[in-house]
Structure formats: structure tokens, C-alpha cells
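Note that subunit A is present in both complexes that follow, paired respectively with subunit B and with subunit C.
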Partner chain A sequence: MLQRREVVAQINQARGQALMVTGLGSSSYDLHAAGDDDRNFYLWGAMGGAAMTGLGVAMAQPERQVIVLTGDGEMLMGIGGLATIGVQQPDNLSIIVLDNGHYGETGMQASHTQFGVDLPSIARASGLPVSLSVETEADMLQLCGALASQAAGKGGAIFASIKVAAESPERSLPIVDGVEIKNRFRRTLGLNPL
Partner chain B sequence: MSVNDVIMQAMRENGIDFVTTVPCKQLAGVIEKIEQADDMRHVPANREDEGMGLCAGAYMGGAKPAIIMQNTAIGVTINALATLIQFYRMPLPMLISYRGEVGEPVACQVEMAVHTKALLDQLSIPTYHFHNPEDAQETSAILSHCFMARKPVALLMDATFWKGA
Partner chain C sequence: MAEAVAPKNNPKNSWGADLFTLLKRHEVRFLPFVPDAGHADLIRLAHEDNDMQPVVLTTEEEGVALACGHWLGGKKSVLLMQSSGVGNTVNMLSMLANCRFPFVTLVTMRGEFGEFNSWQVPMGRATPEVLKSMGLTVHTVTQEDQLVKTIDAALYAAYASDQQVAVLLSQALVGRKEW
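After this line comes the complex of A and B, so read on.
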């Protein structure tokens, strides 16, 4: 089975100029472990809000690729957001779910994906043009290829669910101060940080 | 000028270019004008906490956002307000249709109306109640205040106010 830290390191390496938004908990720790970056917007709360935050960034920055990295539980909490993405059809947005079938932050309770709920099917039915189920290293290469195509302006919005092992690697904690996370992200876009 | 036009003009004066909405009968006229505006992106959302995520992301990307919603949604947005908008200190104008006030035909709406101001107060969100159509003239200054303070700000617009629409 794929390991979350390894796939996130691979995505981070392939990100190019992409802006990234992470869902609270392990997804944030994984991206931070892969390499802290001013272009990372780590969510510490707002569970269920990662995909919509990513859509907002993508619409405000149409020339930049935006990658949302989140967990299955976080995605399920804001599942209606996939329908909103399907309506908006942002060509520059990718939603990548690290699906371990569990709520890792709260004691590894089972999430709905363990019982057959298929996130890529929901994304497809919501109208996202590219929807991938990633289970092998070959699938990962396909995902990285899709991300590269998107960065080149081809292919439209991407959804990918990566099946990863249910493990809790040592936490790699991003900056805890929300205002600092916001300011450095906006500064890297040339915006007034405040 | 109708209150709808006053609100639109106030949003333009403040450079608001990204508006997310969940439908509302009282705000329908404003929503229609936003949909038709060339200088505003209109993003309909399923839920108001979706809308707050959208506004947060848009602000991170350099847009000037606003959300249009009903007060009945205050409950579902509290976590997004506290842990996203307030934790990261972002401006968020909330143009809120204040259902459940005098003139309301649906009794159930009153149940959230009686909690609305208390919830906003508990969240330390600056709140302005528009009751008379001429109150709309304050919209531009309130929006400006919101972006200056980088905080969520609530404009509650009740049924009596909307008679000016």
C-alpha cells in the first residue's frame, strides 16, 4: 500500500509553481514534512473547508495551479463542495484526497470510505473532468502526469483519491499562527500581506 | 435609487469582485444584479460554510470577497467564522437577510431570528441592523470598515428594510 508521506513528497516535488491548500491534521503535517513553503496555506481548523478554500484561491488566481491536499474525513465533511467545483469548472484546480479510511486525528475511527463510498465516483458525477483512483506507484505517475498537463493549461479540474495506509507518522507541525500563514502566502503572490 | 442599487453601488465602491451566495427571496434582486455584473464573480454555494471557504480562498488569492446569506445559516457557519475567517484574520462582509423579524410569514424562521444577534455578539462580530430603506446608505462605509479591520462584519437586513427594494 502507498505511504502518505511518500506520495505527498512526490506531489510536492511535482508541484512546480502550484499554490497548495491543506486540510487540517495529517495532510498539513505531510506537506510540511515534505518541505515548508510560503505558497502553502495550511488549514488548522474549518474542517470540510479545504476544497472550497482551494476553489476560492483558484478563481482569484486563474493563472496559477492550485492543489488542495486533504483527508477522506475532511473531504466527506464538505462533500457538497465537489458539486460547486463541478459547476465552476476551474481549469487550474486539483483536489487530492489522502484516503486512509480513518479519522487519524481523533483516534482512527472508521470513515465512510471504508464502507464503499467512492469519492472519485462522486467527483465524476459532480462533473470534474479528471477523476482518478490512485492505488499503485503506476497510478501515482499517472496523477503526476495529469498535474503536469494541468500546469500546462490542459485537461481541466482534477480529483484524485490516493489510497494510503492507515498510519500516523510523527507530526511535522507548520506555523501555528494563522495570520503569519496568511501573510506569507499573500506576500508570495505580491499582495499586500495584511 | 432602490436599496438593491444602493447595495450594488456600495460593493463596487469597495472593490468587491467575488460574491458567493445561497439563495434568499429578500436578497434575490441583489443576487440577480451580481449574476449579471461583469465586474463581479458570482459563485453560488450549497451551504454558507462552503461560501466562507470560498471567500477565504478568494481573499488569499487577492480578490475582495463578500457573502450573501440568511441569518438562519449563522449556526452552520460558526466554525468557519472562528477557525478560518477570524483565526487567519480576514475581512468578510456578510450581507444577511434577517428572516424572522416583523413581517415574517413563517413562524419557524423566528426561532433563528431570536438567536441571531446573540450569536454574532458572542463571536464579537460587528453587527449593523438595517430596518429602514435609508439605512442602506451606510453600506459603503460599513464595507470599508470591514476591509480596514480585516474582520467579518454582519449587515442584518430585515423585512421592513426590504420594502424599499
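After this line comes the complex of A and C, so read on.
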């Protein structure tokens, strides 16, 4: 089974100039562990808001690739967002779910994806043109290829669910100060604080 | 897209175009919305404009996160919803406080002034308190001559000094839905 820290390191390596938004909990720790970067907007709360935050950035910065990295529980809480993304068709946005089938922060309770709820099918039915189920190293290469195509302006919005092992690697904590996370992210786009 | 015909029982307002002009003047780029009859003119005008993009949402909290994303990318948005939707946004509003995102929402009120449908009353009554308890400044507009002035002030406070402002459009202003 794929390991979350390894796949996130791989995505981070393949990101190029992409801006990234992470959902609260392990996804934020994973990206921070792969390498802190001012272009990372880490959520520490606002569960269910990662995909929509990413959509907002993608709409405001249509020339930049935006990658959202989140967990299955966080995606499920904002599941209607896939329908909203399907309407907008942002061709610079990728939503990548690290699906361990559990709510990892709260004691590893089983999530819906363990009971047959299939996130890539929901994304596909919502109209996202690329929707991948990633379970192997070969699938990961396919995802990285899709991200590279998107960075080159081809292929449209991407959804990917990566099945990862239900493990809890040591936490790697990004800064918590939301104002600082916002300001440093915006500065990379040449936008200054008010 | 299918031809849509507005139902006859929705109130008709004259200020939609004035509001739209104001939003354009403030360079508002995106209008995320869960529809309400009181916002219908604004949404229609945004659909017809090349520089204003309406964004239909499945639920109101999407609009809060979306507005934060828009500002992360350097663009302004205004969230349109009705009071029943305010309850859906509560936890997402924490993002505004934590990151001090500038934010403006225009909330058409239900259950507040001459409401027919009692199911609208509890959330209508709670709306200002819920928003205030999450740290937003709340202005209520009951008179048409205060509308543009108040929303202008809200946009200025938000995008000149990182404030979070809700403008409640009273049923006294919007008119009531006739049954």
C-alpha cells in the first residue's frame, strides 16, 4: 500500500510552480514534512473548506496551477464542492485526496470510503474531466503525468484519490498563525498585506 | 441553458442595478451565491457581465472558503445568501477570524419582518447574533436610501482594512414573498 509521506513528497517534487492548499490535519503535516514553502496555504481548521479555497485561488489566478491536498474525511465534509468545481471547470485546479479510509486526527474512526463510497466516481459524475483512482506506484506516475499536462495547459481539472495506508507518521507542524500563512502566500504572487 | 421563468410571487426591486454598479466600482470580480429572490437582479446582471463572474454554490459555507481563496489570489468577491444560509457557514467563518480575510456578504433576510413561513423564523432571528458571535460587523438596511451607502462602507472597510462585514437586507427593504 502507498505511504502518505512518500506520495506527498513525490507530488511536492512534481509541483513545479504550483500553489498548494492543504486540508486540516495530516494533509497539512504531510506537505510540511515534504518541505515548507511560502506557496503552501495550510488549513488548521475550516474542515470541508480545502477544495473551495483552492477553487478560489484557481479562479483568481487562472495562469497558475493550484493543487489541493486533503483527506477523505475533509473532502467528504465539503463534498458538494465537487459539484461547484464541475460547474466552474477550472482547468488549472487539481484536487488530490489522501484516502486512508479513516478520520486520523480523532482516533482513526472509519470513514465512508471504507464502506464503498467512491470519491473518484463522485468527481467524475460532477463533471471533472480527469478522475483517477491511485493505488500503485504506476498510478502515481500517471497522476504526476496528469499534473505535468495540466501545468502545460492541457487536460482540464483533475481529481485523484490516492489510497494510502492508515498510519500516523510523526506530526510535522506548519506555522499556526493564519494571518502569516495568508500574507506569505500572497507575497509569492506579488500581493502585499493591506 | 434551459429558459427560466421567474415565478410571479417574487418581490420586484429597483435597486439591483445600483448595487451592481457599486460592486463594479469596487472591482468585485466574483459573486458566489446560493440564490434568493432578493438577489435575483444582481445574479442576472453578473451573468450578463464579462468582468463579473457569478458562482453557484451547493451550500453557503463553500462561498466563505471560496472568497478566502479569491483573496489569496488577489481578487475580491462578495457572497450572496439568505439568512437561512448563515447557519450553514458558522465554522467556515472561523477562517476569516484566523487569517483576517477581508469579507463581505449580503444577506437577504427571512423570518424577520412580515414572514408568512414560520419555519424561516428561528434562523432569521438568530442571524445577526450568529454573525456577530463569529466576529463579523453586522449592518442592517431597512431603507432603500441607505442601501448603496451601507454596502459601499462595507466594501471599503473589508478591502481597505481587512474587516469582515455582513450587510443584512431586511424584509422591510426586499419586500415579502406573496403566497
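The working rule: the second predicted complex is superposed on the first by the 193 of 194 C-alpha atoms of A that agree within 3 Å, B and C clash if a C-alpha of one lies under 4 Å from a C-alpha of the other, contacts with A are read in each partner's own complex, and residues count from 1 in each chain.
Here is the rule we use: a contact is a pair of C-beta atoms (placed from the backbone, for glycine too) under 8 Å apart; a residue touches a chain by one contact, two chains touch by 3 or more.
Owing to the predicted nature of the structure, the values given are computational and were not obtained by experimental measurement.
*Asks:* So, on subunit A, is it clash or fit between subunit B and subunit C?
*Replies:* clash
*Asks:* What is the contact status of A:41 with respect to subunit B (first) and subunit C (second): first, second, both, or neither?
*Replies:* both
*Asks:* A:8 in the overlay: touching subunit B, subunit C, both, or neither? Say first, second, both or neither.
*Replies:* A:8 contacts neither subunit B nor subunit C.
*Asks:* Quick check on the superposed pair: does A:132 touch subunit B, subunit C, both, or neither? Answer first, second, both or neither.
*Replies:* In the superposition, A:132 contacts neither subunit B nor subunit C.
*Asks:* Which partner does A:61 contact after superposing on A: first (subunit B), second (subunit C), both, neither?
*Replies:* The answer is both, since A:61 touches subunit B and subunit C.
*Asks:* So, A:69: does it touch subunit B (first), subunit C (second), both, or neither?
*Replies:* After superposing on A, A:69 lies clear of both subunit B and subunit C.
*Asks:* Looking at the overlay, what does A:140 touch: subunit B (first), subunit C (second), both, or neither?
*Replies:* neither
*Asks:* Enumerate the residues of subunit A that count as touching subunit B in its complex and touching subunit C in the other.
*Replies:* Common interface on subunit A, subunit B vs subunit C: 21, 41, 43-50, 52-61, 78, 80-81, 83-84, 87-88, 178-179, 181-182, 185-186, 189, 191, 194.
*Asks:* If we count contacts the way the header does, which residues on subunit C are in touch with subunit A in the complex?
*Replies:* Where subunit C meets subunit A, its residues are 29-30, 53, 55-59, 61-75, 77, 91-92, 94-95, 98-102, 159-162.
*Asks:* For the complex, give me every residue of subunit A touching subunit B.
*Replies:* For this pair, the touching residues of subunit A are 19, 21, 41, 43-61, 78, 80-81, 83-84, 87-88, 178-179, 181-182, 185-186, 189, 191, 194.
*Asks:* Within their complex, state which residues of subunit B touch subunit A.
*Replies:* Interface residues on subunit B, with respect to subunit A: 18, 41, 43-47, 49-63, 65, 79-80, 82-84, 87-90, 150.
*Asks:* Provide the residue numbers of subunit A that touch subunit C in the complex, in ascending order.
*Replies:* Those in contact with subunit C are residues 21, 41, 43-50, 52-61, 64, 78, 80-81, 83-84, 87-88, 178-179, 181-182, 185-186, 189, 191, 194.
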